[in-house]
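Next come two complexes, and both contain chain A; in the first it sits with chain B, in the second with chain C.
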Partner chain A sequence: MSDTWTVAGKELLDLRRDRLFAILIAFLAVATLISVAVASADFRNQQGAYNLYVANLVKSGTSIAPAAPQLFPLKLLRGGIEYLEILGALFAIVLGYETIAKEKHRGTLALVLSRPLGRFSFAGGKMLGLSIAWLGVVSALTVVSLLAVVTIGQAPIRGSDVARLLVSSGFAWLYLVFWTALTVGLTALSTRLSTGLILALIIWLAFVLIIPQIGDTMDPDNQVPGGLFATLRIKKPDELAVLAQFSAFDGIRNGLEVSSVTKHFERLTFAFLGIKDQYNQQPLGLVWVAMLPYSITLTAATFASVVFAALATTRRTLQRTHS
Partner chain B sequence: MTTLLTSARHEVLCILRAGVALLLLAVFLCMVSLSSVIGWITNTTVTRVYEKVLTDGLTTAPNPFTAVSPLYYARNSVIYVVLIGALLAIVLGVQSTLRDRKSTTSDLVLSRPVNTISRLAGTLVGLGVVIAAVLLLSTVISWGSISIIVGAPLGPDPSLRLAVFAALSWALMMIFALLGMLTGLHSRKETTALLVPFVVWSAVTFVLPQIGANARPVALLNPVPALITTGTNSFDLVGAITGPFAITEQFKRAAGIALQDESLTGSPTASIVLLGAFLMAMTWIVLATSRRQLRSGLNE
Partner chain C sequence: MGLTLNVPAGEVFGLLGHNGAGKTTTVNLLTTLLEPSSGDATINGHSVTADAAGVRRSIGYLPENVQFYDDLTLLENLRFFARLSGLRRPDARIRDVLSFLDFEGHDNQKIGMFSKGMRQRVGIAQAVLHEPAVLFLDEPTSGLDPEGVRTLRETIVRLNREFGMTVFMNTHLLSEVTKTCTSIGILNHGALVHHDSLANTLAAFPAEDSLEDIYFRLDVTSPS
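Up next is the complex of A and B:
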């Protein structure tokens, strides 16, 4: 166990000194801030348009005004979550690749492996160090998000909002560890280091971008701007009744979407943060019950990915890797 | 001239021998081929949904897909060029310049009476030929699959539009290939060489559209543009500054108009000019690389 901790400690020390890692995390934090700023500017625009509309109604003598737009603080984080989905996964891949590549490039791998290390000490230590690093990054991003919502978004935050954000941060951590572990395994298995990185990028492309894109394309309500059913002026209950008759097609579409780990992460965080209207302002317990299958699958996927990394990163696979 | 042609031929050979690059090429071609089929399946289902709604008397609105262009089935290809095509171009570009630096063959090549510009231009021509060949193949596949779906060969106008779309795709992919070449020439580590263009691509593709047009980061994945609430001073001002740099958005706009996407109106001229300007600027920057830089080794 002490070997594992030593490798983990060295990994954390390397990451603390790594400028590239700092730049990537800063980029993610800036992107999150931008997304909150854009979302709050958009809300203020909506509010301005509403005030103008109400003023015009008052001038024309009409007293019945539509409901005012309501600000839900955690909804401002939608863009930040989407950046984590795409860019966070990309950076997690880079981190996973670097952890193996640097040992090879520096020539320290042979030195480390000349010591009496346990079967899983090297891979375990690497994964432990990276998991701790991601925990630190996710915690920092959570604080940045909270501060952005309060200061840039000028939205009041309640205790329950913080709890929802913390749960979502937990899932973000699992999601990032999943991608890092997958890349560690792939890089260890590839005979050429760059092949491991490019393979991980192809998987990222397929599961983060292409599969959700196909799911979006196949959504019947996603065919015309504003939505098909809104264009045809069909009410929600009728829409559901019609769609129920096309359940096979919708099953295939949904099946495609849920084959992507990114969609699991998205559905979980959107539900807990109330970004999806169906779960907005619902009690946390109710959201947990509804999201239990997704939380199990994301946890299982991350566990499987870590196991894959541990099994793939052996003395034999590491030593046959060419730079 | 001999240097240019030899370098170009060498580049084509290297790409054909690189397994990972070929895998990416296969993914790109596969997705473009599937694009029409996915569009057709969805269109058929949505038409059945509309007919059901009409039969049940729930709407009197006309079918929004009645007068849809045959090129509707190619609209997903625009997204695949931005996602897969651009990343493929980056990987090819990085490998083209990093290859010699990794194996230190630059010293050997440049010990000969070889002009640096000819050497780099040759590599660029080789990349351009491979990307053009991939796009030619994907256009032929799209033309064939759409012709099968609509039950007749595409006429001259849609065929020409598909060719324009391929030309625009080539310009975008070459910009990213040049970006890859540039980082391959200047980075001290292979990871940085691959990562920097990826980060630039993600910033240009996901972050800039959000700053300038209030588009959500994943809006790119949606085949239908979101109803965006701009038209306000703040977004218009920022959009005017960031818009020209959001080249993937410029490409989407020009390509969408070429493919008769009804949600896009206006002239594609400004977008095409911007893409051309970026292509020329990037080419100039890459060709201006010094002999010393070409010979610089990697720091790993």
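Up next is the complex of A and C:
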């Protein structure tokens, strides 16, 4: 175990001095800030339009005004989550690739592997180091998100909001570790370093971009801004009755979406942050119960990915001829 | 092709041979970086097939063109390799080794800034930190200037004489073998065509002026 910690410690030291890593993390932080800024500006526009509308109503002598748009602070983080879904996964792939490629490319493996390391010490140390690094990154992004919501979004944060954000950060950490571990395994297995990266990017393309996009396109509620049923003023029971006529279609759509780990991450974070209206302002316990299957699958997928990385990163695979 | 070879403890053994003769493969097998397809070897009482971890605990290894973590300092690199070799608090030992190698004052410099000669000394340092019984050196003088070659040669001799370290060295430089090794082996296309002490080898070929002449007399040829 101490060898594993030694490798992990070296990995963290290496990452601390890695400019590429610093740039990627700064990019994610800036993207989070921008997304909160855009979302809060959008909310202020809605509020301005509402105030104007109410003023006009008052001028016309009407005393009954519609409900004011309500600011739900965590909803401002939607853009940040979407960046993490797509770019975070991409950065996790780059990090996973880099950690193995650098060892293979710079020729340090001979010195490491000529030492009495345990079977899983090298891979375990790498994964431990990278997981700690992602924990640091996610923690920093959580703080940035909170500060952005309070300062840029000018939204009050309650204790329960912090708890929801922390739970979502935990899922973000699992999601990033999943992609990093997958790429570590693929890069270790590949004779040519670039093959591992290309394979990981193909999987990323399929499961982060294409499949969720197909699912979104098939969702009738996504055909019209604001939602098809809401626009047509169809009530929820009627909406469910209509959808019941298309259960096979909806089953395929949902099946496609849940085949993507990204969609699991999205459903979890959207539920806990209240971005999905269905879960907004619902008690945390109720959201937990509803999201239990997704939290289990995301955890299981990450665990499987780490096991894959550990099994794939052997003395033999690491020393394969490469270019 | 099989290779049968016995290097007694305390020797400085030089394995000679043309490019592609199998010198590096031999060292990779003996350091457990490669698994033999058949056969076995024993290093300091440990089998490379049955007790690879025991072999790894007994050896120090300096590969040809040794590479380090360039963004880490000398001290950080050496701490890492020392800990992987089982030293829990390695700083005092690192100081001793750097002092032995007359390589002090560079602790906090990044290795990426080091010259080839400096890297080679760091390479020796990382290989002997844990006081291995056997030291494997693969083409240790490759790319070094004459001063670097001399320093390295003196270091190898001191490690052998002062610490009783057995040294197994691959090299092209016959002149270095003459000045450093106590016994030699000559590998030709994967087969050992000669193995004896340096003194016996030179005595066995009185008509030859140098080890180089003996080497060619033994009809060691590069593959065409």
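Note that the second predicted complex is superposed on the first by the 307 of 323 C-alpha atoms of A that agree within 3 Å, B and C clash if a C-alpha of one lies under 4 Å from a C-alpha of the other, contacts with A are read in each partner's own complex, and residues count from 1 in each chain.
Heads up, the rule we're going with is that a contact is a pair of C-beta atoms (placed from the backbone, for glycine too) under 8 Å apart; a residue touches a chain by one contact, two chains touch by 3 or more.
All values derive from a computational prediction rather than experimental measurement.
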Query raised in the report: Does the superposition put A:Q245 against chain B (first), chain C (second), both, or neither?
Result: first
Report task. Report for A:R115: first if it touches chain B alone, second if chain C alone, otherwise both or neither. Result -> second
**Report entry** Partner, of chain C and chain B, that touches more residues belonging to chain A
**Finding:** B
Report task. Could you tell me if A:L52 is touching chain B, chain C, both of them or neither one (first, second, both, neither)? Result -> neither
Requested in this report: Check whether A:L13 is in contact with chain B, with chain C, with both or with neither, and answer first, second, both or neither.
Outcome: second
Report task. Return first, second, both or neither, reflecting whether A:A140 touches chain B, chain C, both chains, or no partner chain. Result -> neither
Query raised in the report: Which partner does A:L228 contact after superposing on A: first (chain B), second (chain C), both, neither?
Result: first
Query - Touched partner set for A:L209, first chain B, second chain C, both or neither - result: first
Query raised in the report: Overlap of the chain B and chain C footprints on chain A, residue-wise?
Result: 106
Report task. Would you mind writing out the residues of chain A in touch with chain C in their complex? Result -> 2-3, 6-7, 9-10, 13-14, 17-18, 106-108, 110-117, 315-316, 319
Report summary line: Interface with chain A, chain B side, in the complex: residues 19-20, 23-24, 27, 31, 38-39, 41-43, 45-46, 48-50, 52-53, 56, 58-59, 61, 64-65, 76, 79-80, 83-84, 87, 91, 189-192, 194-195, 198-199, 202-203, 206-207, 210-211, 214, 216-218, 221-227, 229, 232, 234-235, 263, 300
Query raised in the report: Tell me, which parts of chain A touch chain B in their complex?
Result: 20, 24, 27, 31, 34-35, 38, 41-42, 45-46, 48-49, 78-79, 82-83, 85-87, 90, 94, 97-98, 101, 105-106, 193-195, 197-199, 201-202, 205-206, 209-210, 212-214, 216-218, 220, 222-226, 228, 231-234, 238, 242-243, 245-246, 249, 323
Report summary line: In their shared complex, chain A is touched by residues of chain C numbered 31-35, 53-54, 56-57, 59, 61, 63, 65-72, 76, 80-81, 83-86, 88, 126
